[in-house]
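Structure record follows, encoded as C-alpha cells.
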Amino acid sequence: MGSDSDWPTMRAAAEALDEFGVAHEVRVISAHRTPQGMLDYATGADARGLKVIIAGAGGAAHLPGMVASATPLPVIGVPVPLKYLDGMDSLMSIVQMPAGIPVATVSIAGARNAGLLAVRILAASDAALRAKVTEFQAGLEAMVAEKDAKLRASLG
Amino acid sequence: MGSDSDWPTMRAAAEALDEFGVAHEVRVISAHRTPQGMLDYATGADARGLKVIIAGAGGAAHLPGMVASATPLPVIGVPVPLKYLDGMDSLMSIVQMPAGIPVATVSIAGARNAGLLAVRILAASDAALRAKVTEFQAGLEAMVAEKDAKLRASLG
Amino acid sequence: MGSDSDWPTMRAAAEALDEFGVAHEVRVISAHRTPQGMLDYATGADARGLKVIIAGAGGAAHLPGMVASATPLPVIGVPVPLKYLDGMDSLMSIVQMPAGIPVATVSIAGARNAGLLAVRILAASDAALRAKVTEFQAGLEAMVAEKDAKLRASLG
Amino acid sequence: MGSDSDWPTMRAAAEALDEFGVAHEVRVISAHRTPQGMLDYATGADARGLKVIIAGAGGAAHLPGMVASATPLPVIGVPVPLKYLDGMDSLMSIVQMPAGIPVATVSIAGARNAGLLAVRILAASDAALRAKVTEFQAGLEAMVAEKDAKLRASLG
Amino acid sequence: MGSDSDWPTMRAAAEALDEFGVAHEVRVISAHRTPQGMLDYATGADARGLKVIIAGAGGAAHLPGMVASATPLPVIGVPVPLKYLDGMDSLMSIVQMPAGIPVATVSIAGARNAGLLAVRILAASDAALRAKVTEFQAGLEAMVAEKDAKLRASLG
Amino acid sequence: MGSDSDWPTMRAAAEALDEFGVAHEVRVISAHRTPQGMLDYATGADARGLKVIIAGAGGAAHLPGMVASATPLPVIGVPVPLKYLDGMDSLMSIVQMPAGIPVATVSIAGARNAGLLAVRILAASDAALRAKVTEFQAGLEAMVAEKDAKLRASLG
Amino acid sequence: MGSDSDWPTMRAAAEALDEFGVAHEVRVISAHRTPQGMLDYATGADARGLKVIIAGAGGAAHLPGMVASATPLPVIGVPVPLKYLDGMDSLMSIVQMPAGIPVATVSIAGARNAGLLAVRILAASDAALRAKVTEFQAGLEAMVAEKDAKLRASLG
Amino acid sequence: MGSDSDWPTMRAAAEALDEFGVAHEVRVISAHRTPQGMLDYATGADARGLKVIIAGAGGAAHLPGMVASATPLPVIGVPVPLKYLDGMDSLMSIVQMPAGIPVATVSIAGARNAGLLAVRILAASDAALRAKVTEFQAGLEAMVAEKDAKLRASLG
C-alpha cells in the first residue's frame, strides 16, 4: 500500500490471507513518493516467488496500475476511500486501466475481498485450497441461515 | 455473458485467451433469464476443470457476482456499457460486492483486459505462461517506442 | 433481505404492513451467501401463497433482481445505503434491470414506501384495503394541515 | 405520459400489456402543463376501474409522483431520458419519493418492464395471468438457451 | 415548503426577506401529501396579491415545479438536502423543468439566496428596494475588506 | 452570453421574450475574455434601465455569477452544455453560488425557460403581462389536450 | 481566497511556501463580494512583482478563473469543499475553464499541493529552489521507507 | 502522452507553444507500457534542460502523476476523454494527487490551455514572454468585442 494510513483499511486483506493459511508480506511502497523503489519491487516480485500482489491506494490511486505494468503477476487493486468523494476517485483511478495492463479491482474499501480473491487465484491451481474456499462459502451459508433463524425467532 | 448482444464487447476476452493459447469455452447464460441454469453452471464449473470464469453483463449486472457466489474459482467481471449511463450502472453492480464474495472487476467494456487477467491468473502457477506475459509486456513497450519514433519523425 | 444488518432499514417495511393489517414474513436470505436457498425461496413463493415480495440489499445489490428472476410475483426492491456512495450503487444495481424482469424500485433506504407500495399492490384487487389507503392519504393531508397551522401559529 | 414525445419510449409498455391481453388506455397528460387535469385524472382513476397506472416522464419528472399522490392505486414510474444527463435527472425525480407516497420505479427508458410489472401486479390476484407470467419467463429461458446454442455453433 | 422538517433550512429565506422589510407568509404545503391544496394555493396566489413564491423541497422535490405550473408568478426553488445524496436528487428534481414552466433554482440548501433573489425580483420594479440591494452589496464588500484586514493583521 | 457559440442555445431566450413583446438586447460579453468589460456592463445595467439580465455560459461558467455580483438586478443563469459532461459542470458553476449573491438558475440548455422566467419576473409588477403568462399557460394546456386527443385517435 | 472560512483549508499552502522559504502574501478577496477589488488585485499583481497566484474557493468557485482572466501570471486553483457535494462543484467550477484562460487546478482541499506547485513553478527558473524540491522528494522517499520498516517491524 | 491516439487531443498544446515561440519536444511515453522508460524520462528531464512537462492521458491516467513523482519540474496534466465517462475518470486520476506531488490539472481535453499554462509558467520569470501573454489576452478581448458587434449587427 502507498501509506501506513491505508493499513486500517488494508489489514483486512492480510487477515483473510491468514485465515486461509496463505503466507504473505506487507509493505509500504508508494507510486508517487518512491517511484523507482515501487517499480523495482514490482519488477522483482515474480523472481522472489510472489504469486499475487494486492495493492491498495486512494485518490489518484496509481499504485495498483503501476505495479501491474512491471510484473506478469496478477495484481489486485483496492480503492481506499479518502476524506472526500467516498472513494469514487480511487475506484476510477484503479479500475479504468488501458488495454494491455489489467488490474483486478474490488469494491471501495474492499480489502477483505482482495484477500479472498488472492486466495481464489492461488486456489485455481491448488485443489486443497479450493476445498477450503468451498468450505468457507458453506460457512457463509450457515451464518446466513443462523441469522435468519435468530431474526425470525426474535420477531416470533 | 448474459446475452449474445454482449458478444461484440466480450469477444475481445476470447481473442486475448487465443493469443496466449489458453483453451476456453464461450456461453450465453443469464442471471435473470436462466437463474437456475446459471447457478448450475457456476456450481459445476470447478468439477468440469475450469480454472477461471469471465462474466460480462450490463445495467443491473448480476451475472459475475452470482457466478462467484456458487463457485470457488476466481471470477472476472466485465461491466458492459448499455445505451445510457456509460456503464456506470454496470460497474457499480459488479465491483461493489459484499465481503465474502469477491469479483475481479476490470474497466468498462474492458473485455480484452479480462482475458489478459485470466492469463495472468493462470500464469501465477505456470512459469511458461508467465514468460509469455513478460514477453507480451515487452511487446507493448516496443510498440510504444515505435509510435514514439514515428510521431517524432512525422513532426520533423 | 440479504443480511440482518439491513434490518434497521427494512423494519419500516414490516411496520407499514402491520399498520394496514397485512400479514407477512421476514427472512434473511442472501443472493451471494445462499444463492441456491435464495433461488428456492423465490421459486416456491407463489405456491406458498405469497402475493408480493419486498427485497432490500446494498452495494452490488443482486437480491431483488435475482428473486424477480425466479418468481412471477411482483418484487419490490429497496436500495440499502452502505458506508460509501450514499446508496447510489445499491440503486443502480436494483433499478437498472434488463427488459423481461422488472423490479419495482423505491427510494434509497425507502423501506416504508416499499411496505406502502406492497399495500397498494394488494389493494389493487381488494376494495377494502384500497379504502384504507385512501384514508391513510387523507391522514397525511390532515397531518400537513396541522403542521402548517402549528408553524404559522409559532410565527405569530 | 407527459408529452407525445415520450411515446416512442412508452409504447413498449403498451405492447407488453397487449402481449398479455391486458386492456389499457393511453393518455397524454402533463403534470406541468395540465396540473388540474392531471390531478383530476388521478383522483378519478380508481372509480373508473383502473387497477394500475404507468406514468413516464423526463427531466424534473413529476408526473408519476403527482399521480401517486392522488390515487390509492399502485403507480409505476418510467424515467424517460432527455437529451442531456442520460436520464439520471428523470430517475432521481421519480424514485426519490418521500415516505408516504411510493412510486414503483423501473430502469431508465424501461417502459417494457413497466408493462411487465403492471402485469405482475395484476397477476398477484389472478392465477391465470400469473401462469402466463411463468410461461413468459420460461420463454426467456428458452430464448437464452437458443442464443447460447447458436453462438457456440458459430464458434465451432 | 413541503414539511416542517424543511423549516431549519428554509427559515433563512424568511430572515432575508425580513432584513429587507419585505412582507411574506410561511406555509407548510405538500405537493405529495396535499396535492389539491397545493394546487389551489398556487392557483390563488396571484389574486391574493403575492408577487413571488419561494418553494423548498427535498428528494423527488416536486413542490416548486408544481406550484410554478399553476401560477403566473415567478417561483424560486430551494433544493433541500436529505440524508443521502447531498441534495443532488433535490436539485435535479427542481432545476430540470421542461420548456414552458420555469423555476428559478438556487443552490443546495440556499434558502438565504432564495430570499435575496425574491428581493431582487421585487426590486426590479422598485427603485427604493433596489437601492437597498446595492447598499447590501456594499456591505458584503466592506465585510470582506474587514476580514482581509483582520487576517493579514493576525498573520503579522 | 460568453461567446457567439452559445447563440444557438441562447436564442430561445430571445424568442420567448419576443413572443411576449418584451424588449431586450443581446450581447456577447465574456467573464474570462473581457472581465473588466463584463463588470462595467453589469455595474451599469441598472442605470441603463435594464430590469432583468439573462446570462448563459458553459463549463466553468462564471458569467452569471459575476454579473450578479455587480448589479442589484435579478440575474438568470443558463447552463450551456459543452462537448463533455452534459452540462453538469456548467450547472454546478452557476447554481452553487455563495450566500449573498443569488443566480436564478434554469435547466441545462433551458434558454427558453430563462426567457419565460424573465417574463414572469417582469410580470410580477405588470398585471397585463401577467395576464399574458396566464393565457400562455392555458395555451400549453390546450396543446396537451390536443396531443392527447390525436394520440388516442391514432391508437383507435 | 474568497472568505476567511477558507483559511483552515488554505493555510497549508502558506505553510508549504514557508517550508521552502518562498515569500508570499495572504489576502481575503472575493470574486462575488468584491468583484472590482478582485479584478484590480489581479490586474496589478504582475506589476507588484508577484510571480504566481494561488486562489482557493468553494461551490460556484469563480475566484481562480476570474483572477486568471486579468493577469498573465500562472494561477493555481484550490477547490475548497463545502458542506454538500464533497467539493465536486468547486472542482468543476475551477478546472473546466474555457480555452484561452488556464487555471492550474489541484485536488479537492489540496492546498498543500498548491503551495508545492507554486514552488515548482518558481523553481523552473531557479536552480537552487529546484534542488530543494529534489531534496524534498528524497525526504518523502525516506519517510515512506521508514514507515515501511516500522510497519514490518510491528508485524514481526 | 501515453499513446499516439492522444495526439489529436494533445496537438493543441503544441500549437499553443508554437504561437508563443516556445521550443518543445513531443514524445509518446506510457506509464503502463513503458514504466521504466517513463521514469527515466522524467528523472532526466531537468538535467536535459526542460522547464515544464505537459502530460496527457485517459482513463486510469497515471502518466502525469508518475512523471511528477520523478522530477522537480512543474507537470501539467491533461485529462483525455475516452469512449465512456466523458473524461471524468481521467480527471479524477490526474487531479486527485496525494499531498507532496502536485499536478497542475487543466480541463477535460483542455490541451490548448495546458500549452498556455506552460507559457504562463515560463513567463513568470520572463518579462518579454509575459508581455506576449498580456497581448494575447488583449487579443481575446478584441475577438469577443468583434463577435459582439457582429451578432448585434446581424440581429439588426
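Which chain is which? They are A, B, C, D, E, F, G and H, in the order written, and residues in each are numbered from 1.
We take it that contacts are C-beta pairs under 8 Å (C-beta built on N, C-alpha and C of every residue); 3 or more make two chains touch, one makes a residue touch a chain.
The chain lineup, named per UniProt: A, B, C, D, E, F, G, H = N5-carboxyaminoimidazole ribonucleotide mutase.
Please read all numbers here as calculations on a predicted model, not as lab measurements.
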Original post:
Tell me, which chains sit next to both chain C and chain E?
Top reply: D
Original post:
What whole-Å value do you get for the distance between chain B and chain E if each is reduced to the mean of its CA atoms?
Top reply: 50
Original post:
Once you find the CA centre of chain B and the CA centre of chain H, what distance in Å lies between them?
Top reply: 34
Subject >> Computed distance of Cα centres, chain G from chain C, in Å >> reply: 48
**OP:** Indicate the whole-number Å distance between the mean C-alpha point of chain B and the mean C-alpha point of chain C.
**Re:** 34
Original post:
Which residues belonging to chain B are in contact with no fewer than two other chains?
Top reply: 3, 33, 59-60, 69, 85-86, 88, 95-98, 100-101, 103, 107-108, 137, 140
Original post:
So which chains end up touching which?
Top reply: A-B, A-C, A-G, A-H, B-C, B-D, B-H, C-D, C-E, D-E, D-F, E-F, E-G, F-G, F-H, G-H
Original post:
In their complex, what parts of chain D are in touch with chain E?
Top reply: 2-3, 31-33, 35-36, 39, 43, 58-62, 65-66, 68-70, 82, 85, 88-89, 92-98, 100-101, 103
**OP:** Could you pull out which chain E residues touch chain C in their complex?
**Re:** 3-4, 7, 25-30, 33-34, 37, 59-60, 83-86
**OP:** Would you pull the chain F residues touching chain E in the complex into a rising list?
**Re:** 46, 51-52, 69, 72-76, 91, 95-108, 110, 112-114, 116-117, 120-126, 130-131, 133-134, 137, 140
Subject >> Complex interface listing, chain A residues touching chain C >> reply: 81, 86-88, 107-109, 137, 140-141, 143-145, 147-148, 150-152, 155
